[in-house]
Amino acid sequence: MSDSPIALEHHDPNLQHHFVNAEQQRQASSLGMWLFLATELMFFGGMFCAYLIYRYSYPVEFGVGSRTLNLPLGAANTAVLICSSLTVALAIRATQMAKRTLAVVLLLLTMVFGLTFLVIKGFEWKEKYEKHHIPGASFQLSAEDMKGVNVDPQNMQDFQQRTQTFYSLYFAMTGLHALHMIIGVGLFLYLTYATWKGRYTPEYYTPLENGGLYWHFVDIVWIYLFPLLYLIDRNLQK
Amino acid sequence: MATTANFTAERENYLNTEYGARSWLLTTDHKRIALLYLVSITFFFFVGGFFALMIRLELLTPAGDLVLADTYNKLFTMHGQIMVFFFLIPSIPATLGNFLVPMMIGAKDLAFPRINLLSWYLYIIAGTLMMHCVLTGGVDTGWTFYTPYSTAFSNTKVIEAGLAIFINGFSSILTGLNFVVTIHRMRAPGMTWSRLPLFIWSTYATSVIFLLGTPVIAITLLLVVFERAFHLGIFDPNRGGDPLLFQHLFWFYSHPAVYIMILPAMGVVSEIVPCFSRKRVFGYNFVAMSSIAIAVFGFLVWAHHLFVAGISLYSALIFSALSYLVAVPSAIKVFNWTATMYKGSVTFSTPMLYAFGFIGLFTIGGLTGLFLAALGIDVHVHDTYFVIAHFHYIMVGGAVMGFLGGMHFWWPKISGKLYPEAWGRLAAAIVFIGFNLTFFPQFILGYMGMPRRYWQYPPEFQVLNVLSTAGSTILAVGYLLPMIYFTWSLRYGKPAGDNPWGASGLEWQTSSPPTTFNFDETPIVTREAYDYENMPLPEEVSLER
Amino acid sequence: MFDNFPLWPTQASTYAANVDLLYIFLVLLSLFICAAIFITIFVFATKYRRRHGRLPEHIEGSTILEVTWSIIPLGIFLVIFVWGAVIYFQERTPPQGATEVYVVGKQWMWKLQHQEGVREINELHIPVGHDIKLIMTSQDVIHSFFVPAFRIKQDVLPGRYATAWFRATKPGTYHLFCSQYCGSQHSGMIGQIVVMEPAEYQAWLTAGGAFGSLASNGAALFAQLGCPTCHQSESQGRGPSLAGVYGKPVLLEDGRTVTADENYIRESIMSPSAKVVSGFKPIMPVFQGLVNEEELNELVAYVKSLNQLPTGAAGSTLMASPGTQSQEPKE
Amino acid sequence: MSSQNSEHSDHVLPSGLYWGIWFTLIVLTLVTAWVANIDLGRLNTVVALVIATGKAIVVVLFFMHVKYTSEKLTKVVVFSAIFFLLILLALSMADYATRLMS
């Protein structure tokens, strides 16, 4: 903070006029990004709060809903996101070491992984639609969905409604997560272009670093969504 | 001093370097953005104020005879939404905060000037959407959007209003983010944390609430929009949801939001009182830390809005107890402001009158908060006019008094002109009298049992309602006056000079109006804040008498 | 004049006195604190106002003072908390053996049912000195059952039961308000609690309600058929208000005027489009075949009973001042 | 002076570390999916959350460089965000968990 300004850095094209030096500018950006992630955490936190309370209130319904989700696809998506996080981290490392081509390749890979995730997610949603698992008038639970759970036919309507709460949260949470992924891919489109143009150097790569932080954050949200949505009472399936 | 002041108009400053709409709409200068905000929030203040007057006029008689019931419901809903989200929350932070934060800490601008402009545009987009909603039918859910009424029963424009407030939330978040980063990273050499002006401390605390609270209301309203638009079942009991969950999530933000409104006003008062007492603020550390304490404790008390809503007995006990914790730092502030005047040299200039008004009204508002936090009493007065009176004492008596006090205090810096002091004092007196006449009767009404949001009411409540309506017209005059003489002073006001109050802050050491980058050279701070013992008395103020 | 200007709500339940005592304590405490602060500010501001030749003193602050004025308020707050909590605890724990009354809130009326089977709308008759437990739910949005004279209030949520209890201490008629905003006619969702001497109450109960079973059954039927959706008390609805209409001349849409006698009411129920009231559209559904004769009689009796104000059965008769009883539809 | 403070030049982590983290995360994903099929009663949820938290911590510390940052403020931000999230979850859950008691 109290670094003395270095005369040379006033000519740095990346230094904005109102900062004293590049270090101050970088620290400001980094803090800004972390604060933004803190707000993102609270944003998803509202939904996690809803999830927690409904899962506590309707444990059986959530189990039924969870078991209808496609576990292999969910697990595959988790792996895809982890891979994309790795490529982001490696891309930043490559930039730190001034390996521009490697960085561009890794960033492209990141976007490919990101898009793969979205495509798989799309297939999952399509499957939900075909199975009438979208909340609303056409919502229906088949006998297969209800396997291993006995519900008094009298209570079936209430049961279906509460199960819809699971799907409502599922779509809200995965939908907003996917939206973050789309924004992330857009962000990386720009970052890849800027890297390719050689705008980031081992001395200045703050935007890339911040983009990486965002991407990892979105990854972490999925790391929680996966067990919370896909892995409830799986053992009752057999 | 007087001779230099004559030349201020010709000196280069942030107002005269560039002209034209483009230079304003694409500016990244925090001072110009502050003025953009000032104009926009003033607009919304008068829109919301108009709705308030309509509400008061309807309540002049017990029968619902001025407007239809549905219209009345829209009036109080949009009064609340506009005043809370489009006036009070951005009021002091986005105008005075934007203008002063960089200057007070000796920086050239906020850390992210373009993001600052973006947050104004987000505010304008949200505001336009809100006005579109108002003009094409409005919304009638109450500003609280309680489900399932908002998601399944209301047939008004809930989605539009919800999205407007959702977008506005991002504006708040970005403003808060900018402030926190600026205060951490951009302080001038020597500006240590213990030398920060108290306005900065309170703005910092406010920004923390912006960052941690606003995302929760954003997602909550988004879920309401989803539930209404896509028939998801999250809060509607007919679709498996729980309306109390909505209330939890809503108040997790909306209670701290009260502190978003009051903390900056407290910061303003903490600047005004030492200046017009010519004394260091009493107990600087305690006043600074109480701002942080209010921000943190503010997050622990939200369910005291739910005591009769059906939450468990035990959590009601917890939240009632926690609610009293917030009262302690608030009390500390009031005591310290009072003690600051002890053995000082007090003048009754307009900003000081507003500060007195703030302390008085905030004390009453805070004390009636103790009533509401007491479980047994809350059961009776919850959702009655007692609550209305209480939070208007905090939000209008507190936040708006603080805003007006701050506007009068910093107007010479913002515009370079002096407003007519006599008119200023008159307006402050009118606001104070009008306010008390409007809202004090509502405490009695509330304890009598008059519920809020009532379009018509039993005749025995009429006398108090008439008093309240009478007060509201006086209050309206009091609010119009400053707008008139501020505008007047822009052209005809006497040049203010750099430091008309002889105040100690860094913002007073630059010219009035300041240059685009605030300081010709980055200042180096060597003194404590409020070092009034070593400051000469200002000439202007002593000439005034 | 002062009949219209009371400053204190009636105390009519065992709970009310406790609440008022804490309230008075808090009012006195607030007055004391306000006086202390305001007088101190006034004294400081005048005694230390700016004078020539007197400089302010340098004072940093005082930790001892700060701690004192933090701890003392905290102690006082603790007392208020415990006091308030005790009252709340009492309010939230209904005594054993309380008489149960079922309450259903809907847009925009209260439906109440006694254990004995008597049903009431927007009105609850109860004996003085008995514990009454309300078991409440809502059909649509959140409402709130609020009786200021008893100092009780409880939100009524759809999809679950909420409870409240009270013991009335004073015979009389008290306001019942809905205090949670619930839509257009939120302020019309009011009624009254009639507290009676036990003997009087027994008489009322055996008579099947104060106005004879016919009218009150009709009232229930009126609600059950959804009539109040349109026929609201303040002529805000899609249909004309029925309060006080019986026996009065009615201007029709085609310009004729008829007297609203039993036959007109009956005809309006069975074939509504025959004689439509001026200013309204013929949108009322036909009830022929939906109600039998007995029910029809009950409905007619109910509409007639709306003339005997202030029964309050149709809603907000309490509120309307004489000038607003007009039957003109509002613009 | 400033270049020494900077994370830029002095924290280029070995790529083997990143691959190791990646391997750990993949293994933990497989483990959590596998464990879910075993009946542990209520422990299933606990195990799933512990594994998820473990994965999240690894990502934050290594991929997001929090372990290596010289900046205390980053850690403060991370902790306070988690703290306030837990307040939201804990205090609202406190209501639901005690409703049946009264």
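Note that the chains take the letters A, B, C and D in the order they are written out, and that residue 1 is the start of every chain.
One rule holds for everything that comes next: a contact is a pair of C-beta atoms (placed from the backbone, for glycine too) under 8 Å apart; a residue touches a chain by one contact, two chains touch by 3 or more.
These figures come from a predicted structure and were not determined experimentally.
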Higher C-beta contact count, A-B or B-D?
A-B
As a quick test, compute the distance in whole Å between the mean CA positions of subunit C and subunit D.
51
Chain centre separation in whole Å, for subunit D relative to subunit B (CA means)
37
Subunit A to subunit C, mean C-alpha position gap in Å, rounds to 49
In subunit C, residues with contacts to at least two other chains
92
Two-or-more-chain contact residues of subunit A, please, as numbers and ranges.
27, 31, 35, 38, 41-42, 45-46, 49, 53, 57
Two-or-more-chain contact residues of subunit B, please, as numbers and ranges.
184, 212, 216, 238, 244-245, 248-249, 252, 313
Those chain pairs that satisfy the touch definition:
A-B, A-D, B-C, B-D
Residue numbers on subunit B that touch subunit C, as the complex places them:
61-65, 68-70, 73, 140-142, 146, 148-149, 152-154, 237-238, 243-244, 277-280, 282-286, 307-310, 313, 316-317, 320-321, 324, 327-328, 331-332, 334-336, 338-339, 341-348, 356, 359-360, 363-364, 367-368, 370-371, 373-380, 382-384, 444, 447-449, 451-460, 462-464, 532-533, 542
Under the definition above, what is the set of subunit B residues touching subunit D in their complex?
184, 212, 216, 244-245, 248-249, 252, 299-300, 302-303, 306, 311-315, 318-319
Considering only the defined contacts, which subunit D positions touch subunit B in the complex?
73, 80-81, 84, 87-88, 91-92, 94-96, 98-99, 101-102
Per the touch rule above, subunit D residues touching subunit A in the complex are 1-2, 5-6, 8-9, 12-13, 15, 18-19, 21-22, 25-26, 29-30, 32-33, 36-40, 44-45, 48-49, 51-52, 55-56, 59-60, 62-64, 71, 73-74, 77-78, 80-82, 84-85, 88-89, 92-93, 96-97
Counting only contacts in the complex, subunit A reaches subunit D at residues 3-4, 6, 21-23, 26-27, 30-31, 34-35, 37-38, 41-42, 45-46, 48-49, 52-53, 56-57, 71, 75, 78-79, 82-83, 85-86, 88-90, 93, 96-97, 202-203, 205, 212-213, 216-217, 219-220, 223-224, 226-228, 230-238
